[in-house]
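In what follows, subunit A forms one complex with subunit B and a second complex with subunit C.
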Partner chain A sequence: MTTEAPVQSHTPTASPARPGPARGRQLLLLAAIAVALVAVPLVLSEYWVFLCAQVLVYGVATQGLNILYGRTGQLSLAHATFLGGGAYTTYVVITHGYSPAVALAAVWAVSLVAGLVVAVPTLRLSGLRLALVTLAFGELFQWVIVHTTGTTGGTQGTPVDSIVAGTIDTAKPLWAYVLALCFAVPATVLALQLARTQLGRGMLAVRESELAAASAGVAIAKTKIIAFVAAALFAGTAGWLYAFTSGFLAPTDFDLFASVYLLVAVVLGGSGSVLGSWLGAAYIVLVPQLFNLLGYPTLYSLVGGAVLIVVALLVPNGLAGLLSQAVKRLTSTRGRP
Partner chain B sequence: MTARSVDLAISYQDLGQITVGGIATGAVYALLLLGVLLVFRVSRNINFGFGQVGMVGAFGGWYLYSSHGFPVVVGLMLATLVAVALSAVVELAVRHIPDDRAGLDLVVTLGVFLLLTSVAQNLVDSNTHTFQPLLTDRRTVVGGVYINGNDIGVVVLALMSIGGFYWLLARTHLGVSLRAAAESPAIAASTGINVGLLRTGTWAAAGLVAAVVAMITASRLSVDAFYMTPVLVKVFIAGMIGGLDRFFAPLAAAFLLGLYEAWVTYFAGAAAATPAVFLLIIAVLALMPKRWAEERREVRA
Partner chain C sequence: MTSPSVPASGTSALPELRVASLTVQYGAFVALQDITVSFPRGEIVGLIGPNGAGKTTLLNAVSGFSGGVSGEVHLGDRDITRVPVRDRVMAGVVRGFQTVRLLDQEDVFTNVALGTERLAQPTFVEQWLGLPRQRSARRRDHAATWEVLALLGLTADAHRPVDELPFASRRLVEVGRVLVTRPCVVLLDEPAAGLDTEGRLALEEVLRSVHRTAPSTMVLVEHDVALVARLCSSAIALDSGRLVCTGTPQDVLANAQVQRAYFGRTAHA
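Right after this comes the complex of A and B.
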């Protein structure tokens, strides 16, 4: 996985031809990541493999929010709603006897429509107004879940059957991990590729100044709609994975707090950075477990709030930015005579 | 009198009762919105943790008098002081947001929202509690409609506060300084106005408003770590509909929102109130004229 250009670099430029040693370092890094991903189920206990699967699931979701907020600058408090939409659509479809593949197709269709439904009326909005309308969509979703107990399990939540095919069973951490990995890798490649496209650069321009972006020929409305739909599709896919890997759905998994934590993940990791979204996903899955192990499970939300304040104020490029700076310092120190 | 006319009379009484309740709820929204406007007018910031600052005043006060034996008034006053100080501290943090990251105040104050909720849960608990009744529960019957003393109190307080705040902004030297500090901090500072102190003082005053509203809300409903969030969301909805750059329009929207909620509850049932409010905000913000929807500052990553 590559660390992208700093988020605050405001003028997108064409990538120069990469020199040989840099290409070699990239390949080496990719090989190391591949080895680490394969080693997870071989080295770690089932409990930690399950947690790694959850990191992958949330990583897919945070990549979506990163496209919408980090790259396009649209603050959404409905991302957990898109995630929940995917998860509950999966549950409803499979309880009607359809296969997981049909459920995935349904999730993508629902996410596409949900993305459009949220994006089109909010095209003229930004800031608090956009946050509020997306929050309203989230609250409506919560209301629907709570008032459709017969279909969704309501406030009590509902168990979801795992995918079973021969010896494969996603209720087992190993297969949950493999399933999540099958979607996490393409999601990451898509997110990385987006940064290199005209559309990706247009999103950055919209984030910095809609007026300037429009004057440069960027179709503002189209770019925002694509960002919303992409975010919804990523989150919906993560919801499908969540349903099959966690095995249980509850409305509180997709409420306002869940949306704020996804935002914490993107801001902490580094808005606009693909690597940062992964670091953020690891944070929101692993840190609560760390507090659980230490015997202070309720302290996580306290730390979550403090981290959001401190990182937003003092570390604008997040963990990915810090990592990038550290690598640069290291390489420049090595280069000195 | 026929059976039908009796039914209609009962319905009109019910409607009157619901309307009185709606106006009182709208007055609570308007009071809290006054605090939001106060902050927005002076520092152009949105504080998503504003409701939770108020919650600290009410829930903290409840905790002090119910668990630590403080006299009720002392407990509530101490917790209010903490809320006021907290609000000022949030301003000191928000002040450090660089100009080129306009709108980051929303993200930072979302952190404040999470932090204060968590502190309340960890220090006290996550349960719902009955709060100290305020003013009087004595009821007066007017035209068959029961009017609660608390409802009258909150409406009078809201109207007096709105009038007082308008007078402060429009007619006093302090009001002129506040507006100058908001519109052009650099020029205001060059004329000798201590912009930083004004802003911190304004946020502290808003913290006081939040604590008072949180106590009124708690006495009408109950108190816990989360109860102010839906109230604040509705206050923001009124603010967005009326426009935070304006004064009377958002406050009128707050009263109308309270009435709308009450009438929806009456005509469509309690379960319909939540979706009705959120559908309203989606419809209004999506359909309102572009000029009305424009915001001065945008959130950027």
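Right after this comes the complex of A and C.
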């Protein structure tokens, strides 16, 4: 789904200016989002603020997967692996006495290289065969973590020191939330900006028709590589956030199931939609908690699976598609005399 | 038949598209055999012939979508026989498909704007960060897209998903993607196929006005000989993978072998 601004009236040669009402509505929406984001730590209990921070962390990851799968159509079962790569790189770098900023730079370097390493050999693969290769990459990562207990904590996992500076401590939910927000906002802006570019259109073309893409002159291999590396960078950044906000890493946090849940988030939210990836991230973090609160924690996977089937069969554009349909219906009935 | 009024200066600046000793072979099957022909610069050229004559194969070979090619394809003084598709597109050889290829989940605007890939786009980092060069490129791409949408009568449908559109409009969307950057060689594979009379006339008018406003060598694979006679200023006839003849549409259609191959009757019948 692209987010080209709707242009109701225009002259063909003039640069299409956005009409007033649409811009006004956008500003209103932006203000509402800002108010909601500020309200979270003021209104909610610490526990829920922590969960919201987790939503933001996973949201950075789902935005990346949405670029790779939702927008470019490349099925990856290793997205949680890139998340874990970021988290463990962070842990290893800070245990060697370097600062969180150095750790972030290292995470980006590692993600860049890992993204390329996975992307280049898979250029000729698509669909399930591509998914299988990414799966193998994920399993390799698990093997490495389990067999480097001395460095990474192995199967038992390892605690990670939070970022502490004066009153700031990311072990506290409020600061975890603020830190995550500092990355969630730019990640969202980047995801939205991508939709406004020829690169973003080229990605859609690679997803929907490689023949159409080629005939328009899109560099298909380059586009796929950019999508893979971007997804890896988003996931790695989310991993860095994960390390400092959750305080504990275990290999099972980044296994095949975690990758599948990230895919579920993108598909359920609405493949290709920036808003959808946020709704999906909220779903995979908050819904299991709801079942916990209700006292039926095991029901999540059961009900979650059923919900996914219903969405896949009946709601091709996911939650974001449902939402925009509802908004359209509301505004059109209101507009009637 | 009047030839289209292309400004002389514009036409002479166009590179000439020609193929020499072009053979396309899939295994034992020879789809095109030893074709040597120049596409008249700046004209609308009808590529005609019965089914299986090799018309689409010739388009594929020229646009880089075919394997098994031997011989040469030249654009001006550049040999593009081994040049990848993307580089041919950048050089100005842009095609449409017989079966329309669109981004079905996207809207009309996005589908047409995809064609702006040919224009000098900023680096992907500049695009993604929305730097000044990206902003001006975006304005340019949008203006070009709106312009071609207006030309094709698709302005009102710009933000409709293409899978909601009737077939005729879907065809126009693909034509729009091809024409949005006004390439110097336009290759269209049966653009009028499946259209009713009204749709054909509309398409004909669109192609004529595009050709008038931006000089190009426009090659149409077309079965409708009446349309070829009306729209094209020259024609190339193929039969069973061989070149039959070239010339004005009238001369080509009057050719005895074309009559025999194409209409299934002898010249003096």
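In the analysis below, the second predicted complex is superposed on the first by the 320 of 337 C-alpha atoms of A that agree within 3 Å, B and C clash if a C-alpha of one lies under 4 Å from a C-alpha of the other, contacts with A are read in each partner's own complex, and residues count from 1 in each chain.
Heads up, the rule we're going with is that a residue touches a chain if its C-beta (ideal position, glycine included) is under 8 Å from a C-beta of that chain, and two chains touch if they have at least 3 such contacts.
What you are looking at is a predicted structure, and each value in this text was computed from that prediction instead of being measured.
In the superposition on chain A, A:190 makes contact with subunit C only, not with subunit B.
In the superposition on chain A, A:78 contacts neither subunit B nor subunit C. In the superposition on chain A, A:87 makes contact with neither subunit B nor subunit C. Within the superposed three-chain model, A:216 lies in touch with subunit C and out of touch with subunit B [touch as defined at top]. Legend: residue contacts after superposition of the two complexes on their common chain; A:125 is shown touching subunit B, with no touch to subunit C. Looking at the shared chain after the overlay, A:139 reaches subunit B, while subunit C stays out of its contact range. In the superposition on chain A, A:309 makes contact with subunit B only, not with subunit C. Once the two complexes are overlaid on the shared chain, A:267 sits against subunit B while remaining clear of subunit C. With both complexes placed on chain A, subunit A has more residues touched by B than by the other of subunit B and subunit C. By the touch criterion defined above, A:202 lies against subunit C but remains apart from subunit B after alignment on the C-alpha atoms of chain A. Comparing which residues of subunit A touch subunit B with which touch subunit C, the overlap comprises 7, 207-208, 272.
Residues 63, 65, 85-86, 89-90, 94-97, 101-107, 109-110, 113-118, 121, 124, 127-130, 134, 137-139, 141-143, 146-147, 149-150, 155, 158-159, 177-178 of subunit C are the ones that touch subunit A when the two sit in their complex. By the touch criterion stated above, subunit A contacts subunit C in their complex at residues 1-2, 4, 6-7, 10, 12-16, 190, 193-194, 196-199, 201-202, 204-205, 207-209, 211-219, 226, 272. Residues of subunit B touching subunit A in their complex: 46, 93, 96-97, 101, 103-104, 106-108, 110-119, 121-122, 229, 233, 236-237, 240, 271, 274-275, 278-279, 281-282, 285-287, 290, 293, 295, 297-301. Within the complex formed with subunit B, the subunit A residues making contact are 7, 69-71, 73, 75, 121-122, 124-133, 135-137, 139-140, 143, 147, 207-208, 210, 256-257, 260, 263-264, 267, 271-272, 298-299, 301-302, 304-309, 312-313, 316.
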